[in-house]
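In the two complexes that follow, chain A is the common piece, with chain B as its partner first and chain C second.
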Partner chain A sequence: MRLLTHNMLSSNIKGVTNGFPLRMEVGKVVEKTVDFNADFLRNMFAKVEWNALVEGSKALGYFELPDNVESSMLESDEFLHKFHHALLELHLEQGALICPETGRRFPVSKGIPNMLLHEDEV
Partner chain B sequence: MKLKQLESHLGSLQQFDNPKIELEQYPTGPHIASRLLYTADNSFGDVKDKVVADFGCGCGTLGLAAALLGAKHVIGVDIDAESIEIASSNADELELDVDFIQCDIRHLRWRGGMVDTVVLNPPFGTRKKGADMEFLSTALRVASEAVYSLHKSTTRDHVKRTSLRDYNAVSAEVLCELRFDVPQLYKFHKKKEVDVAVDLWRFVPKTSSPKRL
Partner chain C sequence: MCIMIPKIAQIPLVSSHPEVYDPCDDSFALVDALLADRANLLEHQPSICMEIGCGSGYVITSLALLLGGNSSAYYIATDINPHAVRVTQETIEAHGCHVELVITDIASGLEKRLNRLVDVLVVNPPYVPTPEEEVGCSGITSSWAGGVNGRDVIDRILPVADKILSDRGWLYLVTLSENNPLDICLQMRRKGYASRIILQRSTQEENLHIIKLWRDSETLLEENECMGLKKTNRVKNMNPIPFPQVSVWGCDSRNNR
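Up next is the complex of A and B:
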């Protein structure tokens, strides 16, 4: 699971109001190379929750993203490459996603989060 | 990639080992899947370099077709672990990097604005009435640019009315009518193969914003 996917998932348990972002419990991280596309990144920059991406990348062992950003940074190739790496190339392969409100654990196995709910959570 | 090439890649994908009737698991044939994605990409620019989600992805055919056509990020969602396993090995086989999530579409809660295009071949609702419309409703909440979906042609008026009135669609257009081959997968199927007339729809959600600055 890429951090781009993590950036849109939220806890889907009934009654939870602050389900985003899901915390990550990390067992194994995998890196896969992806073609660099600056236009895509500029477009995504406006949509991404930056703090969630920074925290997510730190959880996966990548500490290069700045905590604070502004759109002028999109001119910097160096910044775009870091953003690219964090958003698209890091994968949570084994571990779990944790609901920030209830602590409920959604296991991630072979990169696939299991977000199925129990009967009493629907 | 040409339409023929796309169709031939999709024809090589592994399909359901043990289809589950309660989930209305029918494979999306390479003919229909290739046309759906090719039209979305070629006529509307809704695939290449986009974020695309495949709802009820089954063995992954539509999502993988999107990835083959250059979608930048593809997410396949299905309730069934076995299907996702097949979809994931299909992705490996084609050397495509696709994310999968096991989730009931009815309980999906995603932050809005992240997904450009949703593609889906929903359960037609023959076993569970209205199942296709539940999928469509969620797709129109998630997509920011377009939704491509398949529905039985006999439900055309209902799909149009409901999507415009209740699901926030600003446009709902049938792009073409296709024949959906339903092979004899289940014991209750009496005929060897049945042809079902299916509409390929394109919906535009209300939240759609101007594409790029």
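Up next is the complex of A and C:
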């Protein structure tokens, strides 16, 4: 699971109002090289919740993302490469996503999060 | 002369599992429809592409391949069957692609953040008319069981699609005649969608329709105008029209009335 996907997931348990971002319990992290595409990154920048990405990348052991961003940074190659690495190349392979409100654990196994709910959570 | 044939998933590389739906006529029809629409898709330059109910992974892998490489878009697929998601993972890797995967019911957990972000959504839902209690059973049954008129899962997917499709988003949906595709198009029309049957195919058992739907401001305007008296007339007038091979509502709708 890429951090981009972590950025798109929130707790889906009935009644939860603050389900984003999910906290990460990290078992195993893997890095996979991905072709760099500046246009794609500029496009995704507007869609990503920055704070969640920064926190997520720290959880996976990457501390290079700036806490504060502005769109002018999208001109910087150095910034784009860091953004690229955090967003697309770091994967949570084993672990869990934790609902910030209820503490419910959604397991992540072989890089795939399982968001299926029990009957009483729907 | 060398003719470039667009790449799609290769059957020998598609993984399988006893509890997972193998690519079948419906899957091939959907991919053929995507291939036929490839020029438009390339021009569309989607940045987020999604599949709901990915099964073997044949469709989402084909979409990624026919759009030519992964680096320009984010691909994400869901299935309620954990085996299916694993099989999709193997299929994608065998083709050297990357698609992000989530085990979930439709797009639960993704809906909030994907709100109005998805540019291309492909769905081959469980569409076979079955007794109600077979819907959502675990394993392979859930890959086809669609309840009354086969519409149970489709009718749950449509509002989700409306939520997550971007302003320029396109939905490609597999349906059977028994699902009443005309009614699906009309229902979505009320939410401002234009639609077109882009492929129709009869096999021994099924009469398949691939519907393409997209938001269309003109359709929405027309619908709003019709909310009064005219509406009843129009709906009455539209129903008896036999389902044409290729029908267009919205952009070109004048021709159809």
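Basically, the second predicted complex is superposed on the first by the 122 of 122 C-alpha atoms of A that agree within 3 Å, B and C clash if a C-alpha of one lies under 4 Å from a C-alpha of the other, contacts with A are read in each partner's own complex, and residues count from 1 in each chain.
Quick note on the criterion: contacts are C-beta pairs under 8 Å (C-beta built on N, C-alpha and C of every residue); 3 or more make two chains touch, one makes a residue touch a chain.
A quick note: this is a predicted structure, and the numbers were derived from the prediction, not measured.
Enquirer: Examine A:43 and indicate which partner it touches, taking first as chain B and second as chain C; both and neither are also allowed.
Expert: Both partners, chain B and chain C.
Enquirer: Just chain B (first), just chain C (second), both, or neither: which does A:118 touch?
Expert: Once the two structures are laid over each other on A, A:118 reaches no partner at all.
Enquirer: Under the contact definition given at the top, report the residues of chain A touching chain B in one complex and chain C in the other.
Expert: Dual-contact residues (chain A): 1-2, 4-5, 7-12, 19-20, 32, 34, 37, 39-40, 43-44, 47, 49, 110-117.
Enquirer: Please give the residue numbers of chain C that touch chain A in the complex, ascending.
Expert: Checking each residue of chain C against chain A gives 47-48, 69-74, 76, 80, 82, 85-86, 89, 98, 100-105, 108-114, 117.
Enquirer: Under the touch definition given earlier, write down the residues of chain A that touch chain B in their complex.
Expert: 1-2, 4-5, 7-12, 19-20, 32, 34, 37, 39-40, 43-44, 47-49, 88, 110-117, 122
Enquirer: What residues on chain A touch chain C, complex-wise?
Expert: 1-2, 4-5, 7-12, 19-20, 32, 34-37, 39-40, 43-44, 47, 49, 106, 110-117
Enquirer: For chain B, which residues are in contact with chain A within the complex?
Expert: 49, 51, 72-73, 75, 79, 81, 84, 88, 97, 99-104, 107-111, 113-115, 212
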